[in-house]
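What follows are several structures.
Paired with subunit B in one complex and with subunit C in the other, subunit A is shared by the two complexes that follow.
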Partner chain A sequence: MKIAVQHLARIEGHANLVIDSARGTLRELRLEIVESPRFFEAMLKGKHYTEVAPIAARICGICSNSHTLVSLCATEQALGIEVSEQTRILRLLLAHGEILQSHLLQLFFLAIPDYYGVSSILPLVRSERALVGHALQLKKLANDICRIVGGRPVHPVTPTVGGFLRLPEAAELQGLRRDLVAALPDLEASVDIFAALDYPDFERETEYFSLRGDGDYPIFGRRLVSSAGVDCAVADYQQVIEEYLVPHSNAKFARLSGESFMVGALARLRNNFDHLSPMATQVAAALEVGPTTCNPYRILAARLVEVVHGVERAIHLIDDLLLAGLAPEELPTPKGPGWGAAAIEAPRGLLFHAYRYAADGRIEQADCVIPTAQNLANIEADLRALVPQLLSSGREELTRQCEKLIRAYDPCVSCSTHLLTVDFA
Partner chain B sequence: MKPKVGFFDFTGCEGCQLTVLNLERELLDLVELMEIVEFREISSDQGEALDIAFVEGSICSSAEIRRLKAIRARSRQLFALGACADTTGINALCTDRTSEQLVGEVYGTAVGHLRYRHPRPLEAFVKVDGRVPGCPIDGREFLAILQSLLIDRMPELPTYAVCAECKLLELPCTFERGVVCLGPLTRAGCDAHCIAEGDRCRGCRGQVDAPRSGPYYRILEEHGLSEEDILNELRIFNLSGEKRG
Partner chain C sequence: MGDDGIGVTVAERLAGEPLPAGVAVVEAGTIGLGLLDLWQGYERVWLVDAVRMGRSPGSWRWLDAADLLCLEPGGFDAHAGPAGVLQLAMALDALPQEFSLLAVEPGLVERRMGLSMAGRRGVAAALAELRRRLECGE
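And now, the complex of A and B:
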């Protein structure tokens, strides 16, 4: 039996799935990345530090805020710039806004159709009006956070090296806080919806890799940890992640201690369960996801736990900002050239940018490692374990379960800064 | 019969499709007014004849050229969605190096089998009936364009520059901060969004039909800026050299 799914639907970017089996044994399985490479690292070379983040944002429309923020942090590390507490809190709020936006899009628009047996959310507009209502209400709220803090949801305008070009008005933040509190019933309804889903029964232990929060569930951070014992500074990421080429495939894969590892919502949740907000901890119990969960289909549940955590944190971050009062700040100036690396927990997991700047303030060398590149080997390893269990269930069911598994990771192939791709022409 | 509409993407960040999905308040109405028959990012349906195709992203491979031509063949109207499809946008930043150089810089020399061509806009390969400019597109402008199409009229883009919109909003001129702004050259329609948000205009919507260079040079001189300063800025979003080649 040969199965080839061209241009997998409901993921960001272009990938094909190829499965080849004979007489009940799996002969070949590949996740082909057919997105054209975009050479961002080469494009950033020679660019002045003031234009680096707006270019880096364009790596990905879905996580443009994460790319912007981690790019700014790497530049600031390299140039010796310290940001204020106000900037730090605003950046956290913006990052939470994007995680909410991306998670809600994935959960309701990309994943739910699999569990309701439809091809997209569009048929649900009629049959499940309440569900679609909750989804749109929450998604709009997430976008409002990005709009008020970052200027627009896709490719933010206000974040800049050293701070912000425009601050939100206190009244906007107060309105946002009101809306966040008012959205709690939508969240409760969402938890009910996702607690009722029938997640496939499949488990596979792997290595879980994320930032480790310092007193808070991590977004920005300086310490990397994995369930297999990695514990190092972010600046040393190139020493612990080994990127390698696979002969059969077209994408650069990555490994830590073993052959594959997982980044993203479930890895974060497992490594930082003690830092979840009180409400999120309760929701994790309701959704049956915790520090020992190793069913990749339940990444959906981990994502929803993070949505609840994000809403609660956003409310507190707004309180902090309103209490201190927002004040315009002078943007700090660079101290000098150098190398800097930064990591952020983007919606799909660890995202690294590292730059070396020359004395004229222009980039000499850039490296960007995206979450999906790190997850690819793990998705393939999961599929290899899953497919033999399903070979007797028929082509249609097998394809459906594989696609569902791939989608659970929310792969973002558009982000291909250096996923290696081949033209099969 | 409701018009059948499809959304497609090639090489790009999918941020323009996301901007369409971010129209939360209007999305339910849109679903009533048109039949969205294809939208790979959110749907697994595909394949039929279309009234309108919105296409995001640049074209970088022979497989992409074939797929684009197939979409064109079954679409009554085809619109470029966003800068990458319209002018190559940010993707054109890599065209100052050969593809061999690019592959070598990012992947090392170990990769002999990678076939890659420089990104180009849709109109290098197929007839494009119209466009939604910007990086990303402006959601309001998309709705206005869609509205025209739904009543069977060709939408028109503003023929004046962002500078005019900026003046109407009475925003302080970016040049007064000693910062280069592409507002005088760039096509309006975004309500000078980036300038209103404290940044400068980076020219993501492409140039207005007949930019007036005389007055622009005068602005540069007045603020002690050079032609090279402008070109540096223009190169980020406006390097569409291979458009009709």
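And now, the complex of A and C:
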């Protein structure tokens, strides 16, 4: 039996799935990443530090805030710039806003049709009007966080090297806080919806890789950990992640201690369960996801736990900002050229940027490692374990379950294809 | 990306001009599903963007929702492009009273800064058309 799913639906970017089996045995399986490479690192070479983050943000239209924020952090590391507590909190708030945006889009608009047996969200508008309305309300709230802090819902314009070009008004933050509190009942309804889903019964242990929070569920951080014992500084990420090429992908694949590893919501949750907010911990119990979960379909549940955590955390961050009072700050000046690396927990997982700057403040060398590229080998490994279990179920069911599994990872293919074989020599 | 910036350039220029009451210009980037929030409360929505239509570079035409769905068919996906958002808005009965896309044919869409000559002509023509419609209250 040969199955070729051209252009997998409801993921970001273009990928194909090819399965070849004979007499009940899987002969070949490929997740083909066919999106054209985009060479962003090459584009960054020679760019002044003031231009780098807005260009890097264009790697992705969904996680543009994460690319902006990690790019700024890498530049600040390289140039010896310290940011204020106010900037740190605003950046955290913006990052939570983007995680909410991305997770809500994936959960309600891309993943849930799989579980309702429809091809997209559109048929659900009629049959599940309340669910769709409620998803749109939450999504708007996430957009509002990004708009108020970042200046617009995607591709933020206010964050800059050393701080912010424009600060939110206190009244805007107060309104946002009110809306976040008002959204809590909607979130309870979401938990009921996702707790009732029939997640496929498939488990495969892998290596779970994330930042380790320092007293908080991680967004930014300096320490990388994995379930297989990796424990190192972010600055050493190139020493622990091995990227490699496969013939069927325009994106690099990656390995850590073993042949594949997972990044993203489930990896974060497993490695940082003790840092979840109290409400998120309760939701995790209701959704049956925890530090030992190894069913990749339950990444959806981990995502919803992070939505609840993010809403709670955003409320507290706004409280911190309002209590301290927002004040314009002078942007710090760079101390000198150098190399800097930073990581952020983007919606889909660990995102690294590292830059080397010359004395004129222009980039000599850039490296970006994208969450989806880290997950690709793991998705293929999951599929290789899953497909033999489903070979007797027929072509249609096999295809449906494989697509559902791939979508659970929420791969961002366009992001992952930006970096093929770029030589700065 | 060269003439892919036609829409952004039109929005930036128009935003710097005096506009009639009740008119707002937003450079929305790749806003996707957020369009639904953005047009809430407005009766008319005009999008401006570079669209490959196989016409002469720098030329333009108005497309309505039906045209757009023909140009970019398919269901709702992660890209949440205008067609997907339109389909969702139609299903939700949340389309504005008037929705149009001012589509400008790009010349060069490639890795380069700034617009091509054809792209600049397209921006000037799009601005003239928008000003005309704003002035006559169409």
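The working rule: the second predicted complex is superposed on the first by the 411 of 425 C-alpha atoms of A that agree within 3 Å, B and C clash if a C-alpha of one lies under 4 Å from a C-alpha of the other, contacts with A are read in each partner's own complex, and residues count from 1 in each chain.
The working rule: a residue touches a chain if its C-beta (ideal position, glycine included) is under 8 Å from a C-beta of that chain, and two chains touch if they have at least 3 such contacts.
Please read all numbers here as calculations on a predicted model, not as lab measurements.
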| item | value |
| --- | --- |
| Fit-or-clash call for subunit B and subunit C when the two complexes are aligned on subunit A | clash |
| Subunit B versus subunit C as contact partner of A:K139, first or second or both or neither | both |
| Partner contacting more residues of subunit A (subunit B vs subunit C) | B |
| Partner chain(s) touched by A:I62 [first = subunit B, second = subunit C, both, neither] | both |
| First, second, both or neither for A:R166, with subunit B first and subunit C second | first |
| Touched partner set for A:T158, first subunit B, second subunit C, both or neither | first |
| Touched partner set for A:L17, first subunit B, second subunit C, both or neither | neither |
| Superposed model, subunit B segment overlapping subunit C, candidates 56-64, 110-118 or 146-154 | 146-154 |
| Contacts on subunit A seen with subunit B and repeated with subunit C across the two complexes | 9-13, 39, 43, 61-62, 64, 105, 109-110, 119-122, 125, 132, 136, 139-140, 143, 152-155 |
| Residues of subunit A that touch subunit C when the two form their complex | 9-13, 39, 43, 61-62, 64, 105-106, 109-110, 119-122, 125-126, 132, 136, 139-140, 143, 152-155, 410, 412 |
| Subunit C - residues contacting subunit A, complex | 27-34, 36-37, 75-80, 87-88, 91-92, 111 |
| Sites on subunit B touched by subunit A in the complex | 9-19, 21-22, 24-25, 27-28, 31, 36, 39-46, 60-64, 89-91, 93-94, 97, 101-103, 105-107, 110-111, 113-116, 119, 135-136, 193-194, 197-199, 202, 232, 236 |
| Contact set on subunit A toward subunit B in their complex | 7, 9-14, 34-39, 41-43, 45, 48, 51, 54-55, 58-62, 64, 105, 109-110, 113, 119-122, 125, 132, 136-137, 139-140, 143, 151-155, 157-158, 160, 164-166, 245, 252, 414-415, 417-418, 420-425 |
